[in-house]
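There are structures below to look over.
Each of the next two complexes has subunit A plus one other chain: subunit B in the first, subunit C in the second.
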Partner chain A sequence: MPYVVERTPLTFAERTYLPQILGGLKTTWKHLFSPKVTLEYPEERPTIPPGYRGVPTLVKDPNGREKCVSCQLCEFVCPPKAIRITPGAIPADAPTANVEKAPQAFDIDMLRCIYCGLCQEVCPEEAIFLQNQYSLSGYSRGDLVNHKDRLYELGGTLPDLHFKWDKKRAAEQAGRAQH
Partner chain B sequence: MATEHTYPDTAAKTAAAALPDEFHPERMSLSMGPSHPATHGVLRIQLELEGEVVRKADPVVGYLHRGDEKIAENMTYNQFVPYTDRLDYLAPLANNVAYTLAVERLAHLEVPPRCQAIRVIVSEMARISSHLMGLGAYGIDVGALSVFMYTFLEREKLYTLFEELTGARFTTNYTRIGGVARDVPEGWTERVSAFCDQFLPILDESLALLTRNRIFQDRTVNIGVVSQAEAIAYGLTGPNLRGSGVPLDLRKDRPYSGYEQYDFDVPVGSKGDCFDRYMCRAEEMKQSVRIIKQAVAKFPPGEWYATEAKKIFPPPKDKILTSMEELIQNFMLVTEGPQLPPGEVYFEAENPKGVLGFYIVSKGGGVPWRLKIRSPSFCNLSILPKVCVGAMVADVVSILGSLDFVMGECDR
Partner chain C sequence: MSSPPKPADLVTVNIDGREIAVPKGTNVIEAARQLGIEIPHYCYHPKLSVSGNCRMCLIEMGLPALDPATRQPLIDPATGLPRINWMARPQVGCATNASPGLHIRTTSPLVEDCRHGVTEFLLLNHPLDCPICDQAGECQLQEYSTSYGRGYSRFVESKNVKPKRTQLGPRVTLDDERCILCSRCIRFCREIVRDDVLGFIDRGSYSTLACYPGRRLENNYSLNTVDICPVGALTSTDFRFKMRVWFLKPTPSIDTESSVGVNTEVWSREGVIYRITPRRNDAVNDTWMADSGRMLYKLVRADNRLTDARINGASTTREGAIQAAAELLKAGSVAIVGSGRSSVEEQFLAKKLAEALQAPAWLVSRVGQGDGLLISADRNPNVRGALVIGLIKALPDSGVGGGLLRRGPGGGTGPDPVEIGIGGLASLAAQIDAGQVKTILAIGEDLAAAGLTAAQLGKVAIVYLGTHRNPTSDAARVLLPTLTVFEKNGTFINQQFRLQKFARAVPGPQEVADDLGILCGLLGAAGGASIPPDLATLWSIISTEVKPLGGVSYATIPPDGLQLDAAPFASLPFAEGETLHYQPAAKAVVATA
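What follows is the complex of A and B.
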């Protein structure tokens, strides 16, 4: 139901400014002695909740395999087109040769990135994650383009629930390959 | 007399009429903005002044134009969600919800009750945070600095909750066509209701600094009066329309996302001046708290996205990682976008700033053929040439603050 907001004229006392001045002082004094709410930023850091969308990074699985297979889905979905991937082949004699592809180059331009998290959301390999880092600085535009090495350094290793390529390889070796 | 003068009060008029011609001021043109702190962003108002009295006011908009509507034509529906964050950047979640609802209406898609409840909660939280910012900034506009600090503290608490829910404080990018980006985290709804419980006393404390304050009332009462008829004629929406006494609230009149289940009232003004608009916003926050409390109390279990809409919402992540069909489906959905039928739709939602409408023409597929945004701030600003005339320069600041617009949305 609609209701009309209150609109009563000021009383004589209120027209003298005094009740408001005293009321305002009371509020100020109350807040003066209440606990501090500010954070002294560079010394104190805010707590970052799980699932925070910070700087995008690339991760490796616990066996040290780089998880990205350079499918370029993140490059496609990225709204500001901040990601650039050059796909590369994994050598046939490598232990993870059955994965076939890994990025040869993987650049994220942090001057374009809007931290929307769509890359992480669409990644079919759980290889790209927006992690906790939120503060970036650099002396040139080039400094703020994260290359592959830097992305892996930032990302580190995350637990893997599936190990799907290891399972596939085991299945292939056991002669139960399903293509 | 060279020109016809009208003065705000009769004494000044009589005094002015008695003066010889050479005492009548020439008109001076003054550009207020685009970098004036009281114009809340990059609005420029081309004023024509006669002394201190405004004779003509022309809002000049477009300094923040980014071509969002054209951008939308070149990306899939889900990719556009981050762009809606940047319309009304003080209530990104409400924009996300409005946009997603528009696309879902085109797809004739109903989302599960849990998803609807999440969207209602986040929209109302966005409304509170936007109004807190509006009131705080309005206090600064008319000379009360401390209110801003107190409302900003509350807004910060809301942003912490947004951060837990969406992963970002400001640019939330939370909704998806057919659902939301992720389910609410453990214990989040309890923290929301804890916020609501402590919020009302603090809000009352902040409002007490303004509402009965004579200085504030002198700056707002009977300033910038917009009559009911004018408000309707100029297409005002939101608190600006309700401040003029028109009880239009789309949450009541055309309920969406399950708003019909919640019990709340619509505050309206009686006079249509700056003070009424301020009061409407203050009361709306209290109503929003009511809605959030109800939504949290009966927060439905179940799915948080439309599971049956296989061509619109991607499959769960662990399925994508382990099953070939879901993997292909994920690729199709990302590269071609959510598959929508051809047709057109216009949907509007009650956003904090007013009615945010999306008009979408689809030729089928995952990309809109044309997307038009009806932004409330743009329409609300159209009243400026009308309402500023005859006011003093200082009143223009008060009027602008009471209209509570956001240029990101106006210029889009």
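What follows is the complex of A and C.
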């Protein structure tokens, strides 16, 4: 047996549609005079809240030393395998020779990155940060692979709490003097 | 007393309430290992003497209480078990040997306390180098710090400063700050290599590992100190900062530099080999290998690697080259030059080819000076294979009419230049001069290096199967590129007649076919039997046709090798002298006579 739906006939007011139209216009007029919420992107940019996870970047310490020592923990932890590092040695005559190790190449494939922030969390040297950058585009797949230069350009310099390697070098020099 | 009687030299020890029978004198670490209980340790190494200086393996030990009058064990009336007198102080496990009734506790609060204390002391002066330390990921200090470490440091003074980046020798870099003074490297150099160059200088927390003045750690086994270093103090200069170990995949392989057949592990990532380390095999190489064998992986990506099949120097397809080679071979007057570097399976196919073409087979000999440890005089890894398979009946003439190779085995990158006499083709040279040989099938051997002159090479058509460019590949009529030992599966038979497997660690160059595929293709095209180039099928044929290998299948060869019967070949004058775990047969006869 089919189920029959009983339809109540429309009242006269409903048949004119006027109450519905007026109700809609009321909403329209209300928004016409309320404050604007639309942002004129890209001329205007939103303020990024602290803790925002944007594009991963590499940072330098206030002395301009690249903080990454290519330990490859971020490469290991990266769930979509977006990070690719070629480790290398720092030449013995460089001013930061006591750090011994620095990346020769550091690539992050932004087509793969899922902005999870695990790289930042795992970094023992506080060298990789997901910062405010959220908008990126390119004309090819290659354009969307951020190489080491681009990563440092995006990252800039962040304050350092520890200066671990500077302390270590100072201890090394002091220690040698004692012996 | 229903248990079966134990052999006289077994004693029962009780570890954490579980009993195990071990040979008398077994130390507690090994006894516990057999029960699956790990006693943490740094300085103890199963193949070195016991020094007992790291104190990480502290355990509680007790012995059955004896009645002073009767000297009989006292029985605890409450449990009916022997009463145990526990020692008040902990003992080191590595220097405690199994004795009857020995009781051990490895998990008591005292033992746990000791481990925490030792770990804290070891970490006091240990630098926070883990992000830049090559040992990270396979570091025992890291592992035990996770288990027994405090997680933070109570040390408020400044850490010790010691020399970093000392070049101990051409292949080993030392970071003294990371050293925990376990002395494994010192004992290795003294006891295994008998090149006593390492030692500790200074006292207390200033103790430093150093070389004897004027000496360097440059023996051909120096990189074993890197393997046994429980921390990142000794690092390989070659592998330094190349790749983190947790990315690397180990593949079991065999060292091809001599007939010792050292078991190795090839560590690769995404088709690139980064290092080679020894694999423990107590019947062959214990836990050691020579430095020269560790550099062989550089051959895989060498500049002179052959990748294209060629006919008269012009690039062609593999099938075309195999057809052209088969035409040459079918024309008759063929000589086959096999290789002691080919696997057993390849030598079997070479023998099949020799039978199909009714061609005589030669083997190139490679004889150098053995070092008495893990490099034997015969520098071919698989001459025994050719004998067992029947490719050759007698040993090749060593070095007669051969050239002298004077360079490191790693293509000049290896440790010390070594002199290896290559030869064994004198009779072939005579046959070429007499015009009896028109075509030579050279399987992986450089004929020019083995003593044939350019004029002799010019007289014959050469079909060359090989991996790297050399005068023979340049002179070859047909050139078929093949794979290195790291890129294929197979077996070798070492000097002890031990059949050992090696596995493919990395894929070969895209255009290069497997050696077995090429040899099976040649065999089919030259009118021989059609054999599929597949190890399982090939071994089913080998096990039926080759008597000494009867009943063997590729899958069932154990990881540490299968000992074959050496008796049928005992009368042959093998070149090898004594090496680790190997006595030449002739000398053994003298010794027993």
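We take it that the second predicted complex is superposed on the first by the 147 of 179 C-alpha atoms of A that agree within 3 Å, B and C clash if a C-alpha of one lies under 4 Å from a C-alpha of the other, contacts with A are read in each partner's own complex, and residues count from 1 in each chain.
The rule we apply is simple: a contact is a pair of C-beta atoms (placed from the backbone, for glycine too) under 8 Å apart; a residue touches a chain by one contact, two chains touch by 3 or more.
Since we're looking at a predicted model, the values are computed, not measured.
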{"item": "Contacts of A:29 with subunit B and subunit C, given as first, second, both or neither", "value": "neither"}
{"item": "Touching partner for A:100 - first (subunit B), second (subunit C), both, neither", "value": "second"}
{"item": "Touching partner for A:117 - first (subunit B), second (subunit C), both, neither", "value": "first"}
{"item": "Contacts of A:164 with subunit B and subunit C, given as first, second, both or neither", "value": "both"}
{"item": "Dominant contact partner of subunit A by residue count, subunit C or subunit B", "value": "B"}
{"item": "Subunit B versus subunit C as contact partner of A:14, first or second or both or neither", "value": "first"}
{"item": "Which superposed partner A:76 touches (first subunit B, second subunit C, both, neither)", "value": "both"}
{"item": "Subunit B versus subunit C as contact partner of A:53, first or second or both or neither", "value": "first"}
{"item": "Partner chain(s) touched by A:125 [first = subunit B, second = subunit C, both, neither]", "value": "both"}
{"item": "Residues of subunit A at both interfaces, subunit B in one complex, subunit C in the other", "value": "71, 73, 76, 124-125, 164"}
{"item": "Residues of subunit A defined as touching subunit B within the complex", "value": "1-7, 10, 14-15, 17, 19-20, 23-24, 27-28, 31, 37, 49-53, 71, 73, 76-77, 79, 114-118, 121-122, 124-126, 130, 161-162, 164"}
{"item": "Subunit B residues within the subunit A interface of the complex", "value": "75, 78-83, 146, 150, 153, 156, 160, 163-164, 166-168, 171, 173, 181-182, 185, 205, 208-209, 212-215, 217, 245, 247, 265-271, 275-276, 279-280, 282-283, 314, 317-318, 320-322, 327, 330-331, 334-335"}
{"item": "Subunit C to subunit A touching residues, read off their complex", "value": "127-128, 130-132, 136, 158-162, 164-165, 240-244, 246-247"}
{"item": "Contact footprint of subunit C on subunit A as seen in their complex", "value": "69-73, 75-76, 87-89, 92, 98-101, 124-125, 164, 168, 171-172, 174-176"}
